[in-house]
Amino acid sequence: MLMFILRRVFQTIPVIIGVTFVVFFIMQLVPGDPAVLLAGEGASKETIEAIREQLGLNQPLYIQYFEYLTNVFRGDLGVSLKNSQPVLDEILVRLPITIELAFFSIIITIVLGMAAGIISAVKPYSLTDVSVMLVALLGISLPSFWFGLMLMYFFSVKLQVLPVAGWDSLLHVILPAVTLGAGGAAIVARMTRSSILEVIRQDYIRTARAKGLRERIIIYKHALRNALIPVITVVGLQFGALLGGTVLVESIFAINGLGRMIVDAIRMRDLPMVQGGVLFASLIFVTVNLFVDVFYRFFNKRIELN
Amino acid sequence: MTVEVKTEQPNIAAKSFISKKESRLKDFLSILIQNKAALVGAIIILIYIFMAMFAPLLAPYSPYEIDLENKLTPPSSEHWMGTDDKGRDILSRILYGSRLSMGVGFAAVLFGAFFGIIFGLVAGYYGKWVDTIIMRMMDVMLAFPGILLALAIIAALGPSLINVTIAVGAFSVPLFARIVRGSTLEVKRLEYIDAIRSLGANDLIIIAKHIFPNILSPIIVQGTLRLATAILSAAGLSFLGLGAQPPSPEWGTMLSSGRDFLFSAPYIALFPGLAISILVLGFNIFGDGLRDAFDPRMKK
Amino acid sequence: MNKKNKLILEVKGLKTHFTTKRGVSKAVDGIDFTLHKGETLGIVGESGCGKSMTSLSILRLIPSPPGKIAGGSVLFKGKDLVTMTEDEMRKIRGNEISMIFQEPMTSLNPVIPVGEQIAEALRLHQKMGKKAAWEKSVEMLKLVGIPSPEKRAKQEPFQLSGGMRQRVMIAMALACTPEVLIADEPTTALDVTIQAQILELIKELQTKIGMGVIMITHDLGVVAETCDKVAVMYAGNIVEHASTEQLFANPKHPYTQGLLNSLPKIHEDQDELITIDGSVPSPYNMPAGCRFASRCPYREDICITHQPNLINQSDGVKVRCWKYTDEWTGNRDKEGVI
C-alpha cells in the first residue's frame, strides 16, 4: 500500500510539470508582443524594452519556461497586470470561498446522488426507478448557468425565501451549491444504480439470500459497500467538472471566488492572473485525484485480491 | 434494452468495404427501431437540425431587427416566446441561434475527434514509447478541471465563437484518444491483422482500412455524448461573454443578456435555456441508447 | 439404508421455467425425489441439465424474472415451500435448509469479516446476542477445521485460501444446525486433496447433526464416496433413480451407462476417454420423444415419438427408458445395429 502511494505520487509529478508546461505555452499563443501588452497602451519604447529585459522575454523560450517553473515552485506566480499585486495573494484570498462552495456542492453530489441511485436500484424498473432516472437524465442535460438562473428566479424572485446573490451567510450557499452539485449528483445517481444492479448479481448476494436475510439488509449491508467503491472514482472525476463549474456558478451568483477571478481576468486580459488561477485549480484537481486513487485502492484491494 | 448486437467478424476476403458500410447502416437503423430511447433522442436531434436548416423559413421575424416599441413583451400570439430588451422576437432568435449553438458543438467535436482519433490510433497501433508519450500528453490535458483548459485557451486567443470552438474541441481530444487507443489495442490483437501484415500491407492501409472501421462504434457513442457536453460548454463560455458577442442570437449569449431582466422578464432567459436543455437531453438519450446497443457488456 | 428414518423433504413434479426472448426454457421439467433424515441423495448430470436449478428452486433462490417455479411442490416436513410467503421462506433459508455453493472464491462477501458472515445468520435465526453469535461462529470455524479460528473469524475472505473459504461456507451453512443441507458442487473449484477433506468434513458433520444432504455434482467419484442414493438428471428430467450400489453395479438408463463408461478406469489400459456422442437438446426446444434419443445407441421409433415415464423396476430402481417397458421391440438389438 505504501509502495502504491509512493508510486502514485511519483506518477503525479510529470503530470504537474506537464500542466505548468501547457499553462506556460498557451500564453505564448497570445498574439502580439507580451512586453507591449504588459507595458500597457502608450508606453514608450524604453519602458517596453525595460520590461522585456526585466522579465527575460528576450531569452529563448525554454529558458523562460525554466524560469517560470522555478518561480512557480517558489510560490511566485507573477503579478497582476491590473493592480500589480502578487497573483498568489489574490488567489489565496479567493480560494477559501471557492473551496467552501466546492465542499457544499460535493456533499450534495454525493448524498443526493447516492441516495437517488439506491432508491432506484432497490426496485429496478419500477415507477420510482424510472422517474428518478429520468430526473437524473435531465440533471446531466440542464446547463448549470440556466438551472442556476431558474433557481434564482423561483426561490429568490418569486418565493423570496433565499438571497439572490452574494456570499454572506449559509443561506447564500444553498442555491449556488445546489446549482453546482446537481449535475454531479445526476451522474453519481446513474453510476450508483448501475453499480448496485451489477453487485446484486454476484454470488455472495445469493449466499446472503440463502442465509435468509431480508432484502433490505442484503442491499444495505451486503451490496452497498461493494457497489459504492467504483462510485468513489466517479465522485473524484466529478470534482474536476465541479471545479470548472465554479467559473459559471460564481459568475451567476456574484461570488468572489477563484472561478470568477479567472473570468474577470480574461475579460481584462490580465494574463498572469489567468495563468495562476488555472494552474492553481489544476493542481488542486490533480491532488484530489491522487487522494481518490489511494482511497479507491484502499477499498478495492480486497475485491481485487478476491 | 433488447438489441441483438452483431459483433462484426473480421473477415479478410469475403466482405467488401461497401457491403460492410451498408450492413452498418442497417445495424444503425435496427438499433433505432429496437431501442425506443435512442429513437426519441434521434427525433429530437432531427427536429433541431430541421430548425437550423429552415430557420429563415420558420422564423416569423428577423432575429436582429430592433423594435423598441415592442420591447420586453411577454409571450403572446404575436411573439410566441416574447421579445427581448431591444424588441427582437425571441423565437426567431432561437431558431437562428440553433445554427450557431449546434454548429459550434459539431465543429468542436469534429475537431476534437479528428486529433483524438489520430493520436489514439497512433498510440494504440505503434505502442511502446510513442504510446507512452502521447498518452502522458493526454493525461496532462485531462489534469485540467472541466472547462478550465478551454478558458486558458480563450484567454490566450481572445474571446470569439471560433476560439470557443477550438477550446472546447481541444478539451475533447484526450477523451477520444483514450477510447480510440483502447479499441485499437483490442482490434490489433485479432489474428487477422497479423495475417494482413504478413501479406505485406503497410501500416497506413492496415490502420485506415482494417482498424479504423472496426472501432467506429465506440467513436460514434463517444461523439454523441461529447456533442452534448460540447454544446453545453460552448454555450457556457458564451454565457460568460467569452464566445459569441451580442447581438448574436447564440443561446448562451441570449441567456446572458436575459439575466439582467430576470426580475421583470424571466422568459428572456427561460427559452434559450430550454432550447439548450432539450437538445442536450436529445444527444444524451441518443448516446445512452447507442451505448447500450453497441456495448454488449452494458446490456441489461 | 436410512429408509426407516423420518421423511423430511419430498419434491413432487417440480418445474422451473425461464422466460426469455428466445422462448421458454424448461430448465427443470417435472422432477420427483425424497430425502430422509441422515440420508445423502446425489443428483448427477452434465452442466446445464438442471441440477443446480433444482437446488435453487428448493430454496426459491431462482433469479426472478426471468426464472419461475412453474409447477409442482416441495414438501419440507409436510409444508409446501413453493406456496409459502416470502417471510416464512426466509425463516427456513439458512436455518432449516442451508446451501453450499460451487464457487467459494466468489460466494463470500469480500468486505465483511467471515466471522460476521456466519454470526449474522445466528443472530437472525437463533436470536442470539452479538457476543454469543460471535463465539458460536468461532466455534463453527473450529468445527470445520480452521486453525486459529479466533484470528480467522476477524479476517476478510481475501486473506483465506479457497479450501478455507469453502470450510467457512460449510460453517455458515451448518451454524443453525439445518435439517437439510444442499451442497451444489461443493468441491468442483478445489484441489483434489482438499476435495477429499471437504467431502469427509461434510460426511462427518452430517453424522453429528443427523441432517439430510443433497449432493449436486457432475462427478461420479463424489457420488460413490458420499451418497446413499442417486438421481441422474438429463435435460431437466430425472432419467434414473437408484441406490448408489445398484447404480454402479447395474446402470439401467443408456445415459447412465454412458456416464459410467466415460469414467477413466484406473486398472485398465485406456487410450482415450470414452465420451457420449451428440449433444443435449436445446432447453427452448425439447423433442417430443425421449430427450436422450438423439444420442442413444438403442434408439427405436417410439423413442423419437413418445417420451417415456420414470417407471419403477422390480429391484426398486426407477428408470425413464422405453427399453424397460413392454413397448420395446428390441428389433434393433437383433439386427445388431448398435
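In this document, chain identifiers A, B and C correspond to the written order of the chains, with residue numbering beginning at 1 in each.
The rule is short, and it goes like this: a residue touches a chain if its C-beta (ideal position, glycine included) is under 8 Å from a C-beta of that chain, and two chains touch if they have at least 3 such contacts.
Keep in mind that this is a model prediction, so the values were computed, not measured.
Peer 1: Most C-beta contact pairs, which chains?
Peer 2: Ranked by contacting C-beta pairs, first place goes to A-B.
Peer 1: Give the label of the chain whose average Cα location is farthest from that of chain A.
Peer 2: Farthest from chain A by mean C-alpha position: C.
Peer 1: Where the centres are mean C-alpha positions, what is the separation of chain B from chain C, in Å?
Peer 2: 54
Peer 1: How many Å are there between the centre of chain A and the centre of chain B, using C-alpha atoms for each centre?
Peer 2: The mean C-alpha positions of chain A and chain B differ by 22 Å.
Peer 1: Among all residues of chain B, which ones touch two or more of the remaining chains?
Peer 2: Not one residue in chain B touches at least two other chains.
Peer 1: Give the list of chain A residues in touch with chain B in this complex.
Peer 2: Residue list for chain A touching chain B: 14-16, 18-19, 21-23, 26-31, 137-138, 140-147, 149-150, 152-153, 157, 197, 239-245, 247-248, 251-252, 262-263, 265-267, 269, 271, 274-275, 278, 281-282, 284-286, 289.
Peer 1: Which residues of chain B touch chain A once you look at their complex with the stated criterion?
Peer 2: So the residues of chain B in touch with chain A come to 136-137, 139-141, 143-149, 151-159, 228, 232, 235-236, 239-242, 252, 255, 258-259, 262-263, 266, 269-270, 272-273, 276-278, 280-281, 284-285, 288, 300.
Peer 1: In the complex formed with chain A, which residues of chain C make contact?
Peer 2: Those in contact with chain A are residues 59, 61, 90-95, 98-99, 101, 103, 105-112, 120-121, 124-125, 156-158, 169, 172.
Peer 1: For a test of understanding, state which residues of chain A touch chain C in their complex under the given definition.
Peer 2: Those residues of chain A that touch chain C are 202-204, 206-214, 221-222, 225-226, 299, 301-303, 305-306.
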